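The following pair of complexes shares a single chain, chain A, combined with chain B in the former and chain C in the latter.
Presenting the complex of A and B:
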C-alpha cells in the first residue's frame, strides 16, 4: 500500500501513464498505429528531445533555465557536420562539438550564476548570438553530403526496432537518475533549487553546483546536435530552432518544476517521448502535423498555470498558518505571564 | 543592581561566576560592522561557555542578527575577532562556521521544502547514508523528539521545521547552537517542547545563543543574558542577577526621560467626545486577533510593538489586502470591513507601507508621477489625466514638506531616504484621506530627515487628518502620539495616554510585560 501511494505521488509515473493512455487512445482511433515499428519510431524520434530535456532538467533543478540550447544544438550540428563532410576524423569532430557545448554552458553559468543576470533573458541573448555565429559559419547555406556511414549509423538497431542511439541514451538517463538520487553530490542540484540560501547555510557549494548544471546542459545539447546531424543527414541554418520550448515542455510534462528543486530526469525523458510523438500521433489521427507546435505550447501552458495555482495556494496557506501561530491564545498568554512572574 | 550606563563594570562582575565552568566555546571580541553610513555594531564582545544558554535581547535594529551573521560567516566584520575554542578563526563563509561546530537555526527555517526530513538533515555529509540514518535516529532518541524521517519538509509545521534545523545542528556535533527567535511562530505547547529540548542540549554541554523578543523566556530558559542596544552591549551577566525592570532599562536609551518631557509639551487637546474616525471592533485576521481600537479626528495614535507582533498584518487587512476573519472596521461609523483596496482608498483611508522600495515607490518614475500615482484611479479627470492639476498637487506637497528635489521631473530613485519617504507620505495625503496608516515611517532614515518627517506629520494633523502610526521606535511614538497602544503576539495588550506614554512603558508592553506582571 505504501509503495502504491508513493508511486502515485511520483509525477514521472503519471507522465508514463499519460504516454500509455495516449498510445491506447490513438490506437483505438486508428488501430494501424499499434504496431511495434510505429511505437519504436516514437521512441527513436525522441532521442534528440530526450538529450536536450535531460540537460534542461539540470538547470531547472537548480532553479534556473537555459533557452540557448536550440542554437547550441544547431551550431554544434553544423560544425560537426561540416568537419565530417570535409573528411576530419569522427573523434576530433565529436570532441570539438562537446567542447563548444561546454563553453556555451560556462558562458551561461557566468552570466546567470556568477553575474546574477536573469536566466531567461541572458540565455535568450546567448541563443541569438549562437544563431548569428551559425549563420556566419555556414554562410546561411545547408551543411550537406555528410559521410554515409555517419548517417547510416542512426538507423542501426539494438533491441527490436529501437536504435542504438535511443538504447544508449536511455541507459545513460537511467545512470544519471541513479547518480542524482543516490549520491551525495547528486542531491545538491535539487537542494540548491529548492532553497538557495538554505543550501549555503548548510555548507553546500551552491555556485559550483549551478555552474555544473549549465555545463551539463550545454554538453547535452551538443551531444543532441551531433545525433541530430547523424539522424537528419543535413543541417539547415534553422536547425534546432524551437527545441528550447520542446525541452521545457518535456521537463514540465515529466514533473520537473520550473521553480526548481523538484522532478527527475526519467520523468523528463518520458516527457520527451510524448513531445516527439505528438506530430506522429497527429498524422495517425488524421490531422496535419502543423498543429505540433501549437499543441506543445498548450500543454506547456496548462501544466504551468496549474502548477502556479497550486503553488500560490499553498504559499498563502503556509503564510496564514505562520501568522496565526504568532497570535497568542488567551489562556496560553496568561499562563506564560504567570510562568515568567514565578521565574523572577 | 547593575545600571545601564556602566556596561564594563557589569561585564567584570559577571565574569568570575561563569568562568568557574569550563573553557570558552565561542568568543567574539570588539566586533565592528557598518553598512554604508549605518554603524550597526560598535564594538561587541561576547563569551559563550559549554552548557550556557545566553539570551541575546535587543530592540529591532539593535544588531543581534548582524552579530550572529558575522559569527556564521554570512557577513565579514569591519574589525574585531572571532575565537572558537580559544583559537582565532577567520569565519569567511558559513562552511567555516560549520566546520568549527557552530550551527545557526534561522528565524525562518531554511529547509528544502521538497526533500524529506532525512534528506534535509543528512545532506552535505560525506558518509554512507545508512550510517547517517542510524545517527539521525540516535540523535532523535537523545533529545526525545521523533519525526517520521520520510515526511516531506513542506508538510511540517513551523515547530517541526525548527526541530529539523536543530537536528541538523546536532548531526554536525555542534558545540554552539544559535537559535534566532525560535519561538516567534510557535504555540504554547510547542514552546514548552522546545524548552525541554534546550534543557537536554544544555546537559550535553552545548552552548546556546538564544535570541528572543520575549523577556519572560529569558527567565524561563536562559542562564545568562546580554542586551544589545544601538550596536553596543548595555548589560550582560547571569540571569539571576537581573529583574525584568533591569532588562527593560537595558533596552532603553539612557536619556529616555528627557525626550518624553520635551515631546509632552507639544501635545494637543483632542476632542474625545467626537465620533471616532476609525473604529475597530473585535477585528481579527491572519496574524492578529480581537483588536479594539479608536482613532479620533486630528489624533495621532501610536501603535507600538516588536516586528512580527501583527501590526502590519492588521493594517494591510484593513486596507483590503488579506482576508478578514472577524470583527468590524468602521470609518466615520460606516462599515468598510472587507472592502477592496481601491474601495478603501475611495472611502478615505490610505496606507503608507513599511518597505517603501518594495511596496511604495515607482523608483524610476519622477517626483510628480509618484506623488499623483495614487490619484490615477481617483480624481485626476475621468479619462485624460489633468496635467496641470497633477503639477499643482505635486508642487504643493514638495513645497509643504520641504522635500529636496531638483524639480518635479527628478527620478525618485536618486533621492535620499528621507525625501523618498516624504514623497510617499505626500502621495498618501494627496488622496485627501480621512485617515492615514503609516507603517514604520522613519525606518532607515537619518536623524535630520526624521525630524523633517515628524514636522510634516504634525503639520498634517493640523488639517484634521487622523494618523495611525505603526512604529517599533519607541522614541518616535513618545514624540508623536497623542495616545499609544501596544500590540504583543497579535493582541492589543496596553493603552497609554498623556504622561503614561513613556519609552519604558511602551517597551515593557511590547516585550509582553504588562502592568500587573511588572508590579508583581
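Presenting the complex of A and C:
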C-alpha cells in the first residue's frame, strides 16, 4: 500500500504512463507505428529537447526560470557550426560553445540571484539580446557546409536504433537524477526552491546553489546547441527560437513545478520525449502537422489544470484532517479535565 | 531631510518615473530628429505608430493583468487568431464582414475567458496557463487557416472598403483613424485602472490577494476579468491590423511578447503585482516603438539587431529596480543616498 501511494505521488511516473499510453493509442490507430525504429525515432528526435528541459529543470527546482535558452542554443549552434566550417578542431569549438553557455548562465545568475530581478523578465531581456547578437554574429546568413563527419555522427547508433547522442544523454540524465536525489549537494537545489529563507536559515549556500543552477542550465543549452547543429546540419538566425517555451512545457509535463522544489529530471526528460513525439505521432494518426501546436497546448493545459486541482484537493483534505485531529484532541483534553475535576 | 525625500518619492514615485519616460521620449525625438530629419515627418511617424499599434494596444491591458500579479504571454497569439478568423469567416464561410469580425471577437474573448478561468478558479500559475494558451491559440489560428481555400502563407486579402476603412482612413487626411481607436482604449484603460472601484480592486488583489478576498472582493472574478479584457484588446488589435495591412494571416503579432512585457515593465508596473500605471505603459511603449523605428532610419542599424537595445532596456530597468529593492525609480535614487544601509537591514529583517 505504501508503495502504491508512493508511486501515485511520483508525478514523473504519471508522465511515463502517459507517454506509454500515447504510444499504445497511436499503435492501435495505426499498427505500423509500433516498430522499434519508429519508437526509437521518437526518442532520438527528443535529444535536444531533453537537454534543454533537464537544464531548465535545474532552474525550476530552485524556483527560478530561464527563457534565454532558446537564443543561447541558437548562438552556440551558430558559433560552433561556423568554427567547424572554418576548419577549427572539434574540441576547441565545443569548448568555446560550452564557455558561451556558462557565461550566459552566469549573466542570468547575476541578474536573478544576485540582483534579485524577476527571473522571467530578466531572462526574456537576455533572450532578446542574445538573439540580436546572433544576428550580428551571423550577419543574418545561414551557417551551412558543416563538416560531413560532424553531421554524420548524429546518425551513429549505439543500442538498437537509438543514437549515441540519445544514449549518452539519457545515461547522463539518470546519473544527474541520482546525484540530485542521493547526494547532499544535489538535494540543495530543491531545498532552495522549496523554501528559500528556510534553506538560508539552516545554513545552505542558497546563492551559490541558484548560480550553479543557472550555469548548469546555460551549459546544457550549449550542449543542446552543439547537438542541434550536428543533427540539423545547418543553423539559421532563427534557430532555437521557441525552445525555451518547449522546455518549460516539457518540464511541466514531466511533473516539475514552476513554484520550485518539486519534480525530477527524469520526469522532465520524459516530458521532452512527449513534446518531441507529438508532431511525429500526429503523422501516424493521419493528422497534418498543423495540429502540433494546438495539441501541445491542450495537453499542457489539461495536465497542469488536473495537477492543480488534485493538489488543491489534497491540500484541503490535509487541512481538514489537521483540523479534525485538533478538535478531537481538544475534546479529549476537555474530557480529561472534567474527569480530573470529578475525581477531586 | 531623508524622510522628506522618502515622503516625496512615496507619493510621487510614478509621477517622477513618468517624467523620466517623457524626457527619454523627447531625447529620442531630438537625437533621431537631428540625425535624420525624415524622422520628424508626420507621415513617417504615423506609419511607425501604425506598425506598432498591436504592441501599444495590448500592453495597456496586459498592465491590468500584471497589476493583479499575473502575466499574459498568450495575447500575441490571439492577434493572429482574430485576423485569420475574420478572413476565413468572411471569405470561406460567406459571413458579412462585420459578422466575421463579431465572430472573431466572440471566439477570442472566449479564449481569454478560458485562460482567465483556469488561472483564477483552478489556481494554476498564470505563466503556465498562458504558455499553454500561446501554443493552443497559435495552433488554433493555424487550423483555422487550413479551413480556407487560400494557402495560409499567402494570407486572405481583398476585404471590402468599409472594413479597410478601420485601418486606412486618415482623419483630416493626416491622422490615421486607428490612432483614435488607440486613444479611446487608452482612456478606457486609464479610467478602469485609476478612476474606478474596479481598478482599486485590481490593485488590492495584486497587493495581497488574501486580504482582498477577506475584505469582500471577489478576487477570482477580478483576475478572470483582466484576462478577458486583454483578449478583447487583442481582438481589437487584430481587427485593426488586418484592416490596415489588408491581409488576414494566422501568424500576425507572433513575436510581440517581449515588446509588450518590456513596455509594461518599463512603464513602472511591478511584475509581482500591486503597482502599475497605464500612462507609464503607454509612454514606455512609445519609447520602444520609436527606438525600433528611429535606429534603422537614422543610424542604418539593421532591424534584426533591434532586439539588442530593447533587451538591454528591459534588463537595465529590471535590474535597476530590483537593486532598489522596491518598485519604481524613486526608491532606487533613494538607495543611492546615505541611509541605504538601514534600508537594507530592514529588508533583511523582514
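Things to note:
By definition in this document, the second predicted complex is superposed on the first by the 300 of 344 C-alpha atoms of A that agree within 3 Å, B and C clash if a C-alpha of one lies under 4 Å from a C-alpha of the other, contacts with A are read in each partner's own complex, and residues count from 1 in each chain.
To be clear about the criterion, a residue touches a chain if its C-beta (ideal position, glycine included) is under 8 Å from a C-beta of that chain, and two chains touch if they have at least 3 such contacts.
Worth saying up front: this structure is predicted, and the values here are computed from it rather than measured.
Contact with neither chain B nor chain C is seen for A:87 once the two complexes are overlaid on the shared chain.
In the superposed pair of complexes, A:204 makes contact with chain B only, with no contact to chain C.
Look at A:286: by the touch rule set out above, it reaches neither chain B nor chain C. Of the two partner chains placed by the overlay, only chain B lies in contact with A:195; chain C stays clear of it. Once chain A of one complex is fitted onto chain A of the other, the partner contacts of A:295 are limited to chain C, with no touch recorded for chain B. Contact with chain B, but none with chain C, is seen for A:325 once the two complexes are overlaid on the shared chain.
Listing the residues of chain B that touch chain A in their complex gives 72, 74, 94-95, 98-99, 104, 106, 110-115, 119, 123-126, 154, 157-158, 168, 184-188, 215-217, 219-220, 243-244, 286-289, 308-310, 313, 488-491, 512-514, 516-517, 520.
Here chain C touches chain A in the complex through residues 71, 118, 122-125, 127-129, 131-140, 142-143, 146, 257-258, 261-262, 265, 271-272, 302, 304-308, 310-315, 318-319, 321-323, 325, going by the rule given at the top. Contacts from chain A toward chain C in the complex involve residues 65, 111, 115-118, 120-122, 124-133, 135-136, 140, 237, 245, 248-249, 252, 258-259, 288, 290-298, 300-301, 304-305, 307-309, 312. Interface residues of chain A facing chain B in the complex, by the touch rule stated above, are 184, 187-188, 190-191, 194-195, 197-204, 257, 261-262, 314, 319-329, 332-333, 335-337, 339-341, 343-344.
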